[in-house]
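Chain IDs A, B and C follow the sequence of writing; residue 1 opens each chain.
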Amino acid sequence: MALKKYYFHKILNGEFKGDDMFKLVSNFFALSILLITGLMVYELVKGSWLSIQRFGPWFIVGTVWDPVFTQTFSTLPLILGTLTTSLIALAIGVPISIGVGLLLSEYAPKRFAWLVSFLVELLAAIPSVIYGLWGIFILIPFLRHNAYPFIQSALGFLPLFSGPIYGGGVLTAGIVLAIMIIPIVSSVSRDVFTAVPRSQREAVISLGATKWETCKIVMSYARSGIIGAIILGLGRAIGETMAVTMVIGNKFKILPSSLFDAWYTMAAIIANEFTEATYDLYVSALIEVGLVLLMVSLIVNILARLLIWRMMKFVRGVVQE
Amino acid sequence: MVMQYELKTMYKFEVEDLNAWFGSKQVLKNIRMKIRDRKVTAIIGPSGCGKTTLLRCLNRMHETTPNARVSGKVFFNGINIYDEDVDPVQIRRKMGMIFQKPNPFPMMSIYDNVAIGLRLNGVKDRKKLDSIVERCLRMVGLWEEVKDELNASGVSLSGGQQQRLCIARALAVEPEVILMDEPTSALDPISAAKIEMLIRNLAKDYTVVIVTHNMQQAARVSDYTAFLYLGELVEYGPTKQIFEKPRNELTEKYITGSFG
Amino acid sequence: MRDSYSIRRIKDRLMLILVWSSLILALIPLFSILLEVFFNGVRAISLEFFILPTPTVGETGGIANAIQGTLVTLGLASLMGVPIGLMTGVFLSEYGGSKLSYLVRFINDVLTGLPSIVIGIFGYTLIVASIGFSVVAASFALAIIMIPIVARTTEEALKLVPASIREAALALGIQRWKTTVFIVLSGAKKGIVTGVLLALARIAGESAPILVTMGYWRWWFSGFNKPVSNLALNIYLFAISPFENWRVLAWGSALFLMVLMLGINILIRVLTREKY
């Protein structure tokens, strides 16, 4: 309001100059980002209204997805599928990413680090659909014939690793997602590691610490940043669509019989069924799946950004001391 | 044999033909000096003269900075620490280092800050840790101030307290030498005075080498003073002599404040 | 003491090996993907591949219509996304520091991490619902993916322009907005170009939002209110199809897209390297 009054006053007095105009224009564009985000939430709610009215909160906790006969929709298995594949991705991808982050910030010589970060960023530049293509024709045959039988012969006594092997499935989706989150998690952890002040490393080196012990101090200093990086990776894994659709098998079931079994995720069901949805309620239910996905990834992203921001602020506070 | 015995008691360090570089820039040129056991040796000189680098060569910290290089010999207790089969990690363990700005570990408590060196060395016995932590904090005069908040973060203390905490941290691993790199430059005068008193006390049990840009401080705390200029050791001798009857013209000019 | 140190040393060596092997583990899939895409894709490359449209079963065909469609979609997306992203970047760097700018920066970062399929659905409910599956809807979704990338890189590029240049211009009596537009922006040209390239590379590979806003189309461009063919989406549809000639095309399209990505990434590296 105050701003409006200010400009109004200026215009009346003929003082409204190019500078004010420019500021107004850039303000307008910046505000449009907020507007777009707001509009997105509104549109998704509007689009899923039919489904929200019909199913209410049962949509989140129910375990039936039947577009053909009863036309009922609910998403608990999809949420579980999304979480399971994402957690597998974190379990495999995070240790590797933190290793790469440490390598880039602590171990590798500078020139070499430049090359490595270029290669890892290349991994981020590969389109999701090419991961899927590679997954279908290269990774799945390899896993089906080599890796999975081996895992099953070693760990087959666990229910998680028993049952028929198709090649595609929950574990395969987790592996592909792990590869896909490595670039973001490793580059953010590299950034938070290099943000740790040199004086911290020197303090512990001078106490007679080995390289690895120095790394442990660096990691404990940067822990909230690392958690931020991991959550950012989680956000990526949750929303990843095409690569997962192509390797997970796309079967709606409450729980898969093992990690080798086919399943579904929220993103995958949208990609797989959206163009085949033949009536309004079906489309509306798919949009509501999108809405749930939006909410989950909003929460995850906001959390990650806050953690990384806090860590960087913490660093600045200590360094200024 | 007699000579070797003498070496061990009188001199903690013998520096021979030490050269150091940052990239292609040479920062130390042919330094030769012997540092006496259980004495305070001050290294003074204008900024950029290489005094910090000299200090960091004594515990092989210099080589941890990117592009840094060293040549020459530094004998510590008669052993050349730049010998190929010497592990720098074990050398550093025998020397505590205090830095310009206090650098306690902010994610650790006061107690853990002091205990970390011992924990790295595999000491797990809680009673032993307790007693060493208390002893070290007492030595730096911090025990009475912090004994009720040992679990508070190390950065909750004031700047002077933080620096004393860092000294306690260095003392806990039972070093033979304390290396100090301008330890009071970031502190207020009262905190600085406390640290100076502490340095005098430490000299009873430890060899102390201190880098300082503050000549009064060198005169107050040290037994021996080395004057460094443009990477070369210009003059080295008993502090009294350096400050009252310097032999070198350059030293005299620096001491009297004509440059630097 | 000595024993505990030798254990520490072994641990140290072990971790050194683990850290390096984590790099190898990260690079194996990269090289596998690059090599497989190259060798499988090369089989598809021929003159027809570049000049013919999508074939029907058993015929020979190419990706010409998909290249055309992708260019049209990317062009329209840039027309919408670049100005908004650019101005937001200018706002963040020139008028940063206010509460509003923190909020905008935060939302911008959050927007970067949103799943592209969700943004696709937004395009669907807002545009497809009224005018149908179309280039406009797809471009709109891609533009929203572009905005935060362009905004962020523009902000960073502008911040790199030394304050002295800004002050010199202001001291000459040049108005602030003219300084920003003609002097600061042109000083940050390289960084801004990098940001736009980065955003283009990202959206050229997007297929999920295309699927829900445009769907599948095997013909040429016939108007902005109609769908067009798209390279990335074709890879998906061809890969899951049972037809051998389509699968070959999938690998060929993947190779084409990868060469494009690689080219853009190397260009970005060259552009940003000169800064240092």
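The rule we apply is simple: contacts are C-beta pairs under 8 Å (C-beta built on N, C-alpha and C of every residue); 3 or more make two chains touch, one makes a residue touch a chain.
For clarity, every value in this text was computed on a predicted model and none was experimentally measured.
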Computing the C-alpha centre of each chain, which chain sits at the greatest distance from chain A? B
When B-C and A-C are ranked by contacting C-beta pairs, first comes A-C
Express in whole angstrom the distance between the two chain centres, defined as the mean CA positions of chain A and chain B. 48
How many Å are there between the centre of chain B and the centre of chain C, using C-alpha atoms for each centre? 53
Distance between the centres, which are taken as Cα means, of chain C and chain A, whole angstrom: 16
Could you check chain B for residues that touch two or more other chains and list them? 90, 120-121
Residues in chain C with touches to at least two other chains are numbered 8-9
In chain A, which residues are in touch with two or more of the other chains? 210, 213
State the interface residues of chain B toward chain A in the complex, per the touch definition above. 59, 61, 64, 66, 89-97, 99, 101-108, 116-117, 120-121, 155, 159, 162, 166, 169-170, 173, 179
Help me check something: in the complex, which residues belonging to chain C touch chain A? 8-9, 11-12, 15-16, 18-23, 25-27, 29-30, 32-33, 36-37, 40, 83-84, 87-88, 90-92, 94-95, 100-101, 103-104, 106-111, 113-119, 121-122, 124-126, 129, 144, 147-148, 151, 175-178, 180-181, 201, 204-208, 211-212, 215-216, 232-233, 235-236, 239-240, 250-251, 254, 257-258, 261-262, 264-265, 269
For the chain A and chain B complex, residues of the former touching the latter: 110, 197, 199-210, 213, 217, 220-221, 223, 314, 318, 321
Where on chain A is chain C touching in the complex? 17-19, 21-23, 25-34, 36-37, 39-40, 43-44, 46-47, 95-100, 102-103, 107, 116, 118-123, 125-134, 136-138, 179, 182, 186, 210-213, 215, 232, 235-236, 238-242, 245-246, 267, 270-271, 274-275, 286-287, 290, 293-294, 297-298, 300-302, 304-305
In the complex with chain B, residue positions of chain C that touch it: 1, 4-5, 7-9
